[in-house]
Each structure stands twice: as structure tokens, then as C-alpha cells.
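Lettered A, B and C in written order, each chain numbered from 1.
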Amino acid sequence: MAKIYTLLGLILLILLLLPLFLNQYLLGIFVFIFYYAYLGQCWNILTGYTGNISLGHSLYVGIGAYISTMLAMHVGFSPWIGMVIGGLGATLIGVIMGYLAFRFGLKNVYFVLITIAFAEIGRLVALHLKPLGQFMGLFIDFKPGWANFQFKGNLPYYYIGLGFVIFSLIVVRVLELSKWGRYFVALREDEDAAESVGVNALKYKMIALGISSFMTALAGTFYANYIFYLHPTSIMSMALSIEIVLRPIIGGMGTALGPVIGSFLITPLAELSRSYFAKAGYEGLHLVIYGFLLVAVVLFFPRGVISYIKRGIAPLLGSSKAV
Amino acid sequence: MPLLEIKGVSKNFGGLRAVFEVSFGLERGEILGIIGPNGAGKTTLFNTLTGFYKPDSGEVWFERENLTDLKPHQICQRGMVRTFQIVKPFLQLTVLDNVIVAALNRIKNTREATEKALRTIEFVGLKEKKDTLATGLTLPHRKQLELARALATEPKLLLLDEVMAGLTPIEVDELIRLLREVNQRAITILMIEHVMRGVMALSKRVIVLNYGEKIAEGTPEEVVKNRQVIEAYLGEEFGSAQG
Amino acid sequence: MNLALVVQLIIGGFLMGGVYSLIALGLSLIFGVLRVINFAHGEMMIWGMYIAYTILLLTGIDPFFSLVISAGALFILGYMVQRIVVNRIIEFPEAMQVIAMIGTALIFENGARLIWGPDYRSPASRFALSSIWIGKIMIDFPRLLAFLIAILIAALVFLFLKYTDTGKAIRSSADNRLGALLVGTDVDRVYAICFGIGTACVGAAGALLVPLMPLSPHIGPPFTMVSFIIVILGGMGSLIGAVVGGLIVGVAESVATIFLPSSLKQIVSFSLMVAILLLKPKGLFGR
């Protein structure tokens, strides 16, 4: 285990020093790598670990973004505070949905559908709220400064993004080793068996959903103060939900590093294909590629890329135990 | 005061009477066997006792508490634990991780729970397999895992659902020995079983269910000679189940 | 509140519901037999639309006739999708099935975008602007025609399933896969045909929609959603449920526009779905 931490420490060091060699454009790509890695990790806490698939996670991103932005614009709260409030707002909605869903025993596809329904209802409502700009969207003033969570250039966002990723990794790792995390995966593997050995299924599914939705919403604030423009079609849409789930699925659900690896693989690919293909007039091709990737992963690597990396590294680590 | 008291429990599915007005009591430290032909409602009874089904009528009393409306995890926390007829391991977890989940029922601390899990795994004889993924276990080992998990929750009453099915005679004997030891550690046992050798060897008392109703109750020797019981089984099943 | 207007909305919604029914019928058939949720349903439908549109553009043949080609093309596409993807994931956990089908949906949606471009198209059909008057109530003629044809196709599907050998094979495979295998049914082929029929329905429905709405690659997902809502309402796997559900949702969405702006009418459908999921997940006719 120590060897893995050493390896990770090395990678962290590289990432800390990397900005010295990157221009604004590349830094920007990394910002999105971190953003999506973080989002995927938050989603992973619910889906990868408890097995309840959500395709409506963009709802929480949007709630976080809008609440913190509204508080900043109309009440003058710093987005750092607004971020936490946004998180609580998202948790509230998530917990309501979760309670309804879990209490009524919705599983698998039915659970997926209710997450989609809530997200779509949220998006449609947001689309019609005047303060949120309705069909025009919401432009956010650029007032750089730490209190405003806004900065010139990509560099600060790079480090904050990296910080988010590390934070989420720590959360996941702590969960994995704790009672909660063990209960989560037990529920994923067999809910009835888990109940029979004392696991309160409803309670722990709700806890996972609560943590997941809270953390997801924080990213909404990050996004709002990075892009300075919010529109339900970008921040609360099915498209975003798909982007969120794509990276952990490809990287490996239910593992701490899966979403991160997935994002490092997919995000540059997405960015490159978007800019390259769009210029060549083939916009949307990267989405077709996404589609093929998703199908390929399900057919050929259902455990995600990380399971292959683990098998590849195992001999290097010299232990016969599964990592 | 019996440890467990079932009063007139019934469970229907649509028009089907799966369990009908079953009543019995179980004393602390006893081993009570439940036998009956397939489809007699034995597993349904277990599901109803442990909160997986809600009974349509009747009550379940455990240690002077009415458990009838509780959820499975609450019943487990109060000390009544069941195994499943078709084993349900946490497939993608190792044997050790499987049992740790169960140990966390009573023990808050993960490290202590791990130690408890290790001791339980050793007790059932799965020590060499502790780091194997459950999905890589053979059926007999999965049954041992199921038992280890149940034991790790520190139950007062263990509900075993056909634990001996599919085992060779040697494995059955080993399991009989193990269960005797479990019972000696003050754990009461209620076991559904088809393997008659196990029932005879372990149970002080036996209950017979047929078509959801209790048709006989008594010592194994008495029950086996009961006319109704023999008819229910039509004799053949009894003969072939003799291990 | 103008009574004539309300009746008109109800009728209009009912007629549209007929097309919805056909779409949902395809989904329900696929689920009922293969037990797979086709998340790519709406995204495949738009290919039916685009094919009919292209034929209209190139030859002037009206979608009401060229729907046969749309249906045929979608049958083939569906058959292939089933063989290549769906058949391999039939035994997989549902989570994985969902993800694979979403991938398929992305391919169809953006494939359409690549081929036909992202812009909205508004084709003119010979019947597009005509309407019929019954008293004070105006009925949109293309809608009426779409409804009639959709119901006709649905009826044909019912008859096919009930009376033909293949249809019976499909039904028996749905009821009891192992049993069907044991009596020698080529279940793989049956499944592929069934999936193909499901997508053919959706292809025909797409063609029928061409005179009724502007066309773009991104109108697929809302139809996938609507077909799910209908199938949940009617009961997964119930064909009658799909038809009845389609009509109900069509009317509900239409009537909702009295109270809500048109862009919000989906909220009604989604809320309906949430309510059904919580209260009666088996739906009206589900088993």
C-alpha cells in the first residue's frame, strides 16, 4: 500500500509543478480535467459505492451554481459561503428525492428514471425563473478577488480545481475504510443480505446521496465563477449528467482513482476532438465517440480502465493481494 | 419466558395462503427444527419473522418485544439473524470484508470489527480464504461465509435456512459439529432443514409445516412417526433425505 | 375559457397521443420481451424522421407513404443494434444495460447531427396546413392522418404477435426464455426481430411526425423520455398499456398548455411519471 501512496505522491508533485510549463490554454484543459474528475467522484460516492445509478446529477450542480450566484448578486455573500449554502440546498432536494425514491423501494431503472425526472423538472423550472435569466441565461460580473472566488487567468482555478480533486479523494478514501463506506458497498452488492446483517438500507443510501449531492453542488459554484455565464441547458441538463457519469464509468466505478483516471483520459480527448472536429465542420463527432466508448466499456471493460491498470501494476508492487 | 414467540402468523400472496396461523415458542438455548415438503411455507415464515415480509395477521415476539412491524436491520440489531436458502454473499468483496460488514452490527470501531471478523472466519473454517473474493468461492464455502456473516452479528437467535443443502455427508457432519458449538456459546437456533440427519442430530424439538400450516410438533422421534407428517412427505422424500 | 378551444386541445392531444402510443408500443414490446430498456428509443426515432424527410426532399413523396421505408430502415437498424450490442448485454446488470443504451443513444443522436446538420428543418408536406372543421372545432388534418395510421400500425403489430408463427415465438420467448430455447426456438433471432419491430414502430412514428413538427437531431431525447413516461404509466411490458398511456399523455400534455406555457408542458409529464413511480410503479396494466 505504501508503494501506491508513494506513486500518488509523485504524481501530485508533478501536478503541483506542472503549471510552470503550461500556457493558458493547456491550463484551461486541466481545469476541466479536475472539474469533471471531481464531479465524477461525487457521483461515484452514490453510484459506484451504493450501486444506485443517478442520471440526474446535473441538478445538484445547477442548484449549487444558482444559489451561490444569487446570494452573491443580491445579498452580497461571498461565493465561498454561498457555496456551502448551495450545497445544503442541493442536499435538501437530493434528500427529498432520495427519501421518496428509497422509501417507495425504487431500484435500478426506476431509480434512474426518477433521478432523470427530478433533474428535468429542475431544468424546466430554472428555465422559466426570471431571476435566473430565463431563456437568456445569467451573466455574472467579473470582479476578481479571493472573496469573490474569481481570478484572472487559469492558474488559480487550476490549483483550486486540484484542491477539489484531492478533497474528494480524501473523502472517498476515508469512506472506503470506514463503517459507512463498508455499508455502502454491502448495499450495492446485495441489499437484502445487508439488511439481514444489520445495515439500515434507507439510512445509508440517504447518507450516500446526501454526501454526493452536497459535494456535487460545490462544483457548481466553481463553474459559475469560472465561466461567468449560467444557463440551464449547460448547467442542469442531461448532457451534463452524461458528462459526469462518463468518466467514472470508463475509469472504474466504485474505486477512488477511477473517476480521476477517467477524467484524465476523456477530458483531453473531448477537448481535442471538440476543437479539432468543430473546426473541420464535424461538430458532435466527439459525442459519437463518447457513445462508442460507453458501449465499448460496457461490453469489454465493465470494471473500467483501472482494473487493467491494477493488474498491470500488481507485479510491480510485489504483492499477491488485490490492491 | 420463551425467547421467541410466534402467535398466529399468517402471510398471503394474492389468493395463496403461504403461511397460515402458525404459532410456536422457542426457549433460550434450544435448537428447534422446522421441516416440511417443498412449498410448505418455511422460507416465507422466515421472511415474515425477520421483517422481509409483513405478516397479514399475527405477531412475532422476541425477548418480550413485539417485532412484527420492524425492518430486517432492526431485527438483526435486536439479535435475531437469518441466513438465506440461496446464499447471498457480497460477491465483489473478500470473505473478510463480507464478515466485517456483519461485525459492524455490534462493534463501532472498524479495527475491532476486523478482529472479530477474523475470529469468526477462523471459527467456521474459512481462514485460508479470508482474502478471496466471494465470487471465487465454491458453494460449500459460500455457505460457510453465510454462516460466518450471521455469527459475526453476535446474534442471540440464529435462523438457518437449509444450510446443509448441497453438502456432502462429511461436510454435513462438520456443520453439525460447528452448530453444536455455536449452540454451546448460548446461541439459540431455529433451523429449516431437509437433510434429516442434521435435524435428528441437532434438534431437541421439531415443527412440521405443510401447505403453510403447522401439522405437528414434538421431538424428532415423535414427529417422524406422525401419520400426518408421513403422508405430507409421502414417505419418499423422507427416505431419500436420510443423509 | 372557450369550451371549443378546450375540446380542440383535447382532440389534438388525443390524436398526437396516437403517435405517442406507437412510439411507446415499440418500447414496451422491447422491454416486455427482452427486458432491456431502450434508452435510445427517441434517438432512433429521429432517424425515421430524417429518412422520411430526405425522401420528401428528393422525391416529393409524402411521409405518410414513405413511412414504410422509414419503418423498414429502422427495422434493419434495430436488428443490427440488437445483434451487436443488446444481445451481449441481456444478462448484464441493469446498470450496465442503461449505460450501454445511453451510449447507443449518443451515437444515433449525434450521428444524425453529423449527417443532416444541427439546424431545424421544417418540411412542407402536401397536407401540412390543411385542417378539418367539425362545428367550431378545428382538427389538424396531418394529425388526424398520423393518428389513424399509427393506430393501424399498432393494430397490425397486435395481429402479428397474436397470429403469426414469429409473433407467437416472440410471445413465448417473452413469457419463458428457457422454455422457448428448449423447444428449439432461435431465441437470438426472435429477440432481434422483436427489437427490430420495436424500432420499426418508432421509425414509422417518426415519419408520421415529419409534417407535424420541425426536425432537429436533438428532439430525440424528449421523445425517449415521453415514451418512458408512457410505458411507466401504462405498465412496462403491456402493449395495451402503451397505447392507452400514449393517449392519456397526449391529452394531458395538450390540456396542460391551458395553464402552462408550452415549454413547460413536459413538467406535467415528468411529474406524472414521478407520481406513478412512487404510487403505482406497475402502471395501469403492468404485470
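Everything below uses one rule, namely that a contact is a pair of C-beta atoms (placed from the backbone, for glycine too) under 8 Å apart; a residue touches a chain by one contact, two chains touch by 3 or more.
The shown structure was predicted, so the numbers you read here are calculated from the model rather than taken from an experiment.
**Student:** If you average all the Cα positions, which chain's own average lands nearest?
**Tutor:** Of all chains shown, the one whose C-alpha centre lies nearest the global C-alpha mean is A.
**Student:** Counting contact pairs per chain pair, which pair wins?
**Tutor:** A-C
**Student:** Which chain's C-alpha centroid is most distant from that of chain C?
**Tutor:** The most remote chain is B.
**Student:** Which integer distance in Å separates the CA centroid of chain A from that of chain B?
**Tutor:** Centre-to-centre distance between chain A and chain B: 43 Å.
**Student:** How big is the gap, in whole Å, between where the Cα atoms of chain B centre and where those of chain C centre?
**Tutor:** That pair's centroid distance is 49 Å.
**Student:** For chain A and chain C, let me know how many angstrom lie between their CA-based centres, rounded off.
**Tutor:** Each chain's C-alpha centroid was found; their separation is 32 Å.
**Student:** What does chain A use to touch chain B in their complex?
**Tutor:** On the chain A side, the touching residues are 177-179, 182-183, 185-186, 189-190, 192-201, 254, 321-322.
**Student:** Mind listing the chain C positions that touch chain A in their complex?
**Tutor:** Per the stated touch rule, the residues are 37, 85, 88-89, 92, 94-100, 102-111, 113-114, 118, 217, 221, 225, 228, 232, 261, 263-264, 266-267, 270-271, 273-274, 277-279, 281.
**Student:** Tell me, which parts of chain B touch chain A in their complex?
**Tutor:** Residue positions touching the partner: 50-52, 71-74, 76-77, 81-84, 88-94, 97, 100-102, 104-105, 108, 110, 113, 131, 133, 149-150, 152-153.
**Student:** How about chain A: which of its residues touch chain C in the complex?
**Tutor:** Answer in residue numbers: 47, 51, 53, 55, 100-101, 104, 106, 108-110, 112-114, 116-118, 120-121, 124-125, 127-128, 238, 242, 245, 249, 282-285, 287-288, 290-295, 297-299, 302.
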